[in-house]
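Multiple structures follow.
Both of the next two complexes hold subunit A, though its partner changes from subunit B to subunit C.
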Partner chain A sequence: MEREEIGNLGLRGLSLTLRLCYANFLVYLLLYVTGMYINIYVTSGVNTIGISDITNIVHMVLAIVNFAFTFVIMVVGFLYAMRKVALFSLGAVASLVIATVGGMLFLSTGGGRQSGDITLLGGWVMSFLFMLALFLSYYATLKIVRAIRITELVKPTEQRMT
Partner chain B sequence: MTVQTLSENVSLKNESRRARWILYFVYLQALFLILTYIVGVWLGTEIHNATITTPDLVVHGILASGFALLSAVVGFLAALENQKRVAISNLALFFITIVAGATGFAYLGNNSSSNQILVTNLSMMTTIGIAMPITGYSLAKISRSASGLKSNEHSSLSSLMTYFALVALSFTVIAGTAVETIALYAFAVVLHVGLAAFTVSLVLGIVILSVLEGSTLDKTGSRSWVPQRVIYSLLGLAAISIAGGDGVITVTVGGVSYVVVMAELTVLIYSFLLLSIEAPLHLNLTFLRRPVSKSALKQQE
Partner chain C sequence: MYDNYYYSVPSSVQANFSNIFLQFFAAPDVFVHVAFAVLSTSMSIPVIVYARRVGLSKVVLLHVGAMSSRLVGFVAGPLFIYFSTSSINNAMSASLSTFIMASVFLVAVILTFLSRIFIVREDVRIKFAAPMQQSLVGR
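Presenting the complex of A and B:
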């Protein structure tokens, strides 16, 4: 228990942050589904995707929401003394920034599988860093869950002492 | 001092420190709003056929994303600090900003359609309009809790007047955007001028109320006068008067560059109104305050 970080958020705040993490995972899932739809059904052959295509708009909106949620969790980690949550989320935020650049590269250089090597590179950067961000967000969530467990364990002891 | 009072003091100190952090985020949010608005107006009036790689558009996108991000941060941190209204309003603002951003993406794929231009302009300007009073409200509420005051204490009359002025300013901005649409032109011009005049009267009201605050005494017997509030509201009044003059030039001479100037003046008014709510940069002006005589106290009672 010595090395565990519970921060100074309190049980209510921790539960609220955990709910945000769950919401973030839902956004990750939807982001993955729309990304796969674009990959398999839209750009699988010679088709390209433009910025105003409805699936692409939904995908980009989800990417913004995902980035915002991860960023909020990072800020909470920094402000409420949860170093590991902050650092894992910071890694996820950095991955999402580079993934977004990859996505912009994909769109601006043709937006299709057969548009050239740079377009494909953009797509690969986007996919790889999306997975990395998901992995780091998972660890940040795990730390919050542990903090909740410890706070719940400590609370009855404190109540008995008073 | 008991253990309980010691722990209460520590928790109050922590709360105030966290509130100060949220306050910095609100300031940053307002700054991003101002920059997004200016670059957006510049894009709308000066650059035609913008594409995804247009540098000004990339800057506008990054600034708008920063604004949305800060709205989410302020909203969630306010929720953690039990500031319900600030949290709900900022989280709603976050989702509204994202919807407005989505219309921007749709515009990029179809930038010649007049209908798409109208939807994009109005949705983005409405977001700016909604954001103005929300940032003002957040600033007022959070600055109160940062200075250790309870959030359920009544706001001063000049603060309430400032909220109204921010709401009137936001409606003025939205009506101003509708002027660009031929079908709405006549109605929008009348509404824009009327709302601008209403905003001028409200800002004048803030100046008067800020001065009058100095004539009343609080419970401790000292005057609750904030000279900075008078200065900021006067600067706001000056900016809105120049914006009015600029509007007259736009109608008579024409030219979109005057519209950009008007937008820049609008953000000046917004900034001064925000500053008059929180009235930062407090100078030690206690030497200006005359000691209150007992007879004055009695008279007021």
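Presenting the complex of A and C:
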């Protein structure tokens, strides 16, 4: 029990944070689908995309929401003594920031896979770090699930013992 | 050559099963991609076996779902090559095949992720619920 991190957020707070994690996964999924849509149907390797294209705006808004959700989960982890949740989310936040830089590099240097090596590198950075952020957010979610389950099991038993 | 994606299907590839199948071994990046797809699909098999043994039906179902999702990808991948061959050259269908391949990949990832949540829940139950019940009985 000593090695488990249940924090001091309480069951209600943990459940709310878990819901935020699930909402964040939905945003990750939409971010992936819009990214793939742009990759396959809009640029198709030969065409370019600009910052003001509607699909790009949708993708960027989703990226902002994704960043905000991940940041909130990180802050909750730091404030309520869940070190692993905080560190995994911090890694996800850092990945998302660098991925955004990769995305901006992709747009500013041409906006198409055939625009040059730097553009292609930006695209690779964006997609690789997206996946890394997804994995890190997932591990943070698992830690929250674990904390909820432990709290659910320990609380009734403690009440019965008293 | 239909130069539309990260991977370009050579113009020599014919739109038949053996040519498309041999294409998996022709380029190292395609071979590695297919090998990882096969590996990640087959890794669900031991999980299903163990989950069945301990009675985690939701984990079994989620991994069966992930495997089925990957199998859709195994159809869409060759279809992408088929539609990209110079004799067929159907960009719309090739794009659709790629989009399906990409989408089912993430569906499989999410299903696998969800299965781990149920494994964690069961792990915690075994570690905490059983010792606590024993201590209550002891009192």
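We take it that the second predicted complex is superposed on the first by the 159 of 162 C-alpha atoms of A that agree within 3 Å, B and C clash if a C-alpha of one lies under 4 Å from a C-alpha of the other, contacts with A are read in each partner's own complex, and residues count from 1 in each chain.
The working rule: a residue touches a chain if its C-beta (ideal position, glycine included) is under 8 Å from a C-beta of that chain, and two chains touch if they have at least 3 such contacts.
Being a predicted model, the structure only gives us computed values, none of them experimental.
Upon superposition of the two complexes on subunit A, no clash is found between subunit B and subunit C, which fit side by side. Contacts of A:V154 after superposition on the shared chain: subunit C is touched, whereas subunit B is not. With both structures placed on the common chain, the touch criterion links A:L9 to subunit B but leaves subunit C unconnected.
When the shared chain is aligned, subunit C comes close enough to touch A:Y32, but subunit B does not. Vertex at subunit A: the C-alpha centres of subunit B and subunit C lie 160° apart in angle, rounded to steps of 10. Once the two complexes are laid over each other on the shared chain, residue contacts for A:I40 go to subunit C alone; subunit B is not touched. The minimum CA-CA separation between subunit B and subunit C in the overlaid arrangement is 23 Å, rounded to the whole angstrom.
Touching subunit A in their complex are the following residues of subunit B: 14, 18, 21, 52-53, 65, 68-69, 72-73, 76-77, 79-80, 94, 98, 101-102, 105-110.
Against subunit B, the residues of subunit A that register as touching in their complex are 8-9, 13, 16-17, 20, 50-53, 56-57, 60-61, 64-65, 67-69, 71-72, 75-76, 79-80, 104, 107-108.
The touching residues of subunit C, counted against subunit A in their complex, run 3-6, 91, 95, 98-99, 102-103, 106, 109-110, 113, 116-117, 120-121, 124-125, 128-129, 132, 136, 139. Those residues of subunit A whose C-beta lies close enough to touch subunit C in the complex are 1, 25, 29, 32-33, 36-37, 40-41, 44-46, 113, 134, 138, 141-142, 145-146, 149-150, 153-154, 157, 160-161.
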